[in-house]
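One structure is given here, and the rest of the page talks about it.
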Amino acid sequence: MAKSPLEYIESLPREIIYTILIICLAVPLVKPLGLPVPISSRVKEWHQYVEGLPDGAYVLVSVDYGVGSLPALEPFMVATLHDLFERNVKVVIMTLYSDGPICYESLITKVNPDAYGKQYGVDYVFLGYIPGGETAMKAVAENLHAAVPTDYYGTPLNQIPMLKDISGASDFAMIISVTPSGDVAQGWIRQWVTPYGITYMSCVLAMMMPTMEPYYPAQVKALTDAGRAGEYEYLIGKPGSGIRKLDAFSVAHIMLIIAIIIANIAYFALKAQKKGGA
Amino acid sequence: MADIWTECGIWVAAILTIAVYSFAYRDNPLFKFAEHTFVGVAVGYSFVQAIRGVKTFGIDHLTAGEALYIIPIILGFLMYFRYHKTLYWLYRYGISIIVGVGIAASFVRDIETSFLAQIAATAGINIIKADPAATLGNIVFLAAVATTLYYFIFTFPMLHTGRAKTLADAGRWFMMLAFGYAFAKTVVTRYNLMLGRLEFLLFEWLKLPK
Amino acid sequence: MSLAYRRHLPIIITFIMGIIMILQYFIVPKQPVEPYQITMQKVGETLTNWANLLAAFTIGFGMVNIALIHSRHVSRKTPGQWYYSAWLLFVAVIMVIVGIGGEPALGINVSKYQYDWMTTYVFAALSGTMYSSLAFYITSACYRAFRARTIEATALLIVGFITLMSRTPAFQAYLPQVIEVADWINKYIVKSSFRGILIGGALGAILLGIRTLMGMETGYLGRRD
Amino acid sequence: MIVSGRFMEFVALILIWVLAMIAIDKIKKGWTVSFRRIAGLDALEEAVGRAAEMGRPVHFTSGLNSLTGTWAPLTVAGLAVFGEVARLCARYRVPVIYSVYGTQVIPIAHELYKQAFLAEGRPEEAKPEEAIRYLSSSQFAYAAAVQGIAERERPAANIMVGPFYAESLIFAETFYRVGAIQVAGTARLYQIPFFAIVGDYVLIGEECYAAGAYLTKDPAHTGSLFVQDLGKMVAIVLGVIGALLTTAGTKAIVEFLKL
């Protein structure tokens, strides 16, 4: 006895459910739909600080994550660099992780500075991996040229136009760090914020937020977790992998909610039918 | 040379991914192949870990002059007597050390972390708060902890009959609501995992434009 | 062989091991200073290493079990299974060779690259995909479970609904109150009932631990001998 | 002598230990303890009986078991349930499959399996090599292998008691799909919801540890359960009164517990 349509829906075969799920997840990945995304106050604040940078200001961007946490942290760093390159600021990039350069390569190809007319050595520079953790932060702050003789590609610092008269932390308007490590996130406070009072913005993994909250907003002017990359992309109108995921979440969750509603309607209709029919 | 290996690696990973997902629809030979590959690789992997374990936990200590480590190594081999017809009980010495150390090291910590500290945390709740939702919340919190514990009382059946049963039912209701929340809360993390695999299939394997 | 060696001695060993671990927990502070504390710490650490070493030894039971079952399939040519079993044994041997780094003497020189390749494109791919297949199962489970059959199931449905909406970015944008309700449920209903379950479970584990050390939890040695 | 901050724990351990010994002794001397119903444990016999009718095996798993580490006690609780399931399977002449993750339990599982057939007077029917199957010590290879068993041997009952992690829902959904009746229990908080919602019967936290007492009524387990109930009553009283006192301004009970 073939199932009546109501019975069919009420106990929908799993193959149908799974196929619908894959479609709901895959389609937004390929073509972001730009569904409305809530912008948290933390991401707005992060953006406002970048907007507030005066022309020609110097910003130190520290790519403090390795290949392991790249999938979770890169989208937020990409959005930050897009935001910085929109403005007329000088971006000095470095990393405290030995495999940081690999993350820089992946990062810079996604951001594509040429599209913003930014020139290497004039508007942005990459100093490469500086070993030592907090001692590296301290060395860069005190005497950049002594700490880092050449940039990542081997050019001596004094031959790089934008770094000629940059001696250390006091010449920077802001320091931004994206990292999975609590020690690194707090290290920048000890080495750059307390001694020099530089504006510090920190992006960490969601589970590390509780450990960083006590420093916000006194020492850490802007603090957020990397999961909010989609919001930042939506805010600055640069859809990337962050927003694709948020779109896919929305579509998949809405599908699930609608499916539950339909299943319940079918369930009650069946009960009514049986009661009526009995 | 590395590119061919990487490209071939991506194809192997993609086929295995599709094989595992195919089980959700039907059990099929492709899944059975992936399953046996997985178990085979895992067996080899854990065998290597075991050898490293025996080396780091045992041989290294022995070579470092701690002669006493010969005892667990002997007991370790004695455990293989369990296949022996009459001397099978020799395996028990090794197991009794594992169980004695393992059980004691774990349950003694439960007294603080999962018993006394949890009671202290509950006892430390200041119920009256400025925000009424928080005050109501604290009352619900205390009721939920008490009735859930009440639900688990086994050897006083009279507490689960008649009007007293409503307290146990309240405990069950609180747990049911908590399960509903915890169940729905994981949907996001599971979808996030599948998105990661789909991104691999769509962009690294099929090389669709990003 | 009298009962003493077969049952009572192992139970006594378990009791002694347990008492030493308990004493180590209660006597040795974070930085042991007194001589008795230092020796207690040393004894505790040594026994823990012994337990881990013995645990590493038991992996062999698994190898024997798998080799037995699958080689029997191959030798008996069980239809529809023997070639899978042969493939499993073959892959296991490959992984062992790759894992140990190969023996140049035997002409097998295997670099770390092969090991990384096997772990990334086979082991990690399979683990990641199996883990992510939970997205299928949570969806079909939600579809079936969130059904207003009884009052209790309806309450489960409503809480599930609110939680789902509170995690959907689109809803968060339009209906931020959903997040507050979900957080209230988590803070005052989930954390509290889970604490009740946790306390109960801890008591169960504590009494089981005491029974095991007293040789009354004979499950692990078999009830009678 | 006792490390600072751990005095109260030491007192609690001694108190629980002594009370347990007293309770066990009184029960041995004839003091009877009655139990409230535990649906999950009553269902064990029903599940094995159903498997006997349908002529299909019973599947058992104790999750990612380990005798060393945080969940050693829960692993032993799982083994105790396996002992009971093996007895029922010997009585109803139903094949049992124990999918093993941690190799440390293999010799113990063999011992329990043979004891079960001995107790039911059928030692010659015991086939431990086929019943106790080591699958893998890697979480998801283990999950894939169990899925294979579920689909190919289509057990009529699936009993899961022990430490479970993310794979709990993979098992629950796969065995639901092959129509197995499921009795599932764990004490790992974030996995209980999947068993409670998808399984037919669920053993929540402490109920996993109560199997020994409830099914065998043996003095050691029953005495323990009685002392566990006292512990829960103490927790309720100290918790609620403590909160009221804190609201009234004194944190006496909190300080007392933190000695």
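As written, the chain order gives the labels A, B, C and D, with residue 1 at the start of each chain.
One rule holds in what follows: contacts are C-beta pairs under 8 Å (C-beta built on N, C-alpha and C of every residue); 3 or more make two chains touch, one makes a residue touch a chain.
Here the structure is a predicted model, which means the values were calculated and not measured.
A comparison of the A-B and B-D interfaces places the larger number of contacting C-beta pairs at B-D.
Mean C-alpha position of subunit A lies 30 Å from that of subunit B.
Between the CA-based centres of subunit B and subunit D the separation comes to 15 Å, rounded to the whole angstrom.
Between subunit B and subunit C the centroid-to-centroid distance comes to 4 Å (mean Cα coordinates, whole Å). For the pair subunit A and subunit D, the distance between C-alpha centroids works out to 43 Å.
Shared interface positions of subunit A, i.e. residues touching 2 or more other chains, are given as 14, 18, 21, 25, 249, 253, 256. Of all residues in subunit B, those touching 2 or more other chains are 20, 23-24, 32, 34, 38-39, 41-43, 45-46, 79, 82, 95, 98-99, 101-103, 105-108, 110-111, 115, 118-119, 122, 138, 142, 145-146, 149, 152, 175-176, 178-180, 182-183, 186-188, 191, 194, 196, listed in ascending order. Annotation for subunit D: residues 6, 9, 13, 16, 66-68, 73, 76, 104, 107-108, 137-138, 140-141, 144, 189, 192, 194, 197, 204-206, 210, 225, 228, 231-232, 235 touch two or more other chains. Chain pairs that touch one another, listed by label: A-B, A-C, B-C, B-D, C-D. Residue ranges of subunit B in contact with subunit C, taken from their complex: 5, 9-10, 12-13, 16-17, 20-21, 23-24, 32-34, 36-51, 53-54, 57-58, 61, 66, 68-69, 71-73, 75-77, 79-80, 82-83, 89, 92-111, 113-115, 118-119, 121-122, 133, 137-138, 140-142, 144-149, 151-152, 171-188, 190-191, 193-194, 196-197.
Residues of subunit C touching subunit D in their complex: 22, 25-29, 51-52, 55, 58-62, 65-66, 68-69, 123, 126-127, 130-131, 133-134, 136-138, 140-141, 144-145, 156, 194, 197-201, 203-212, 214, 216-217, 219-224. Within the complex, the subunit A residues that touch subunit B are 14-15, 18, 21-22, 25-26, 29-30, 71, 241, 245, 248-249, 252-253, 256. Within the complex, the subunit B residues that touch subunit D are 20, 23, 27, 31-32, 34-35, 38-39, 41-43, 45-46, 79, 82, 91, 95, 98-99, 101-103, 105-108, 110-112, 115-120, 122-128, 138, 142, 145-146, 149-150, 152-157, 159-160, 175-176, 178-180, 182-183, 186. Residues 1, 5-7, 9-11, 13-22, 25-26, 46-64, 66, 84-85, 87-96, 98-100, 113, 117-123, 125-126, 128-139, 141-142, 145, 152, 155-161, 163-164, 167, 182, 184-203, 205-206, 208-210, 212-213, 220-221, 225 of subunit C touch subunit B in their complex.
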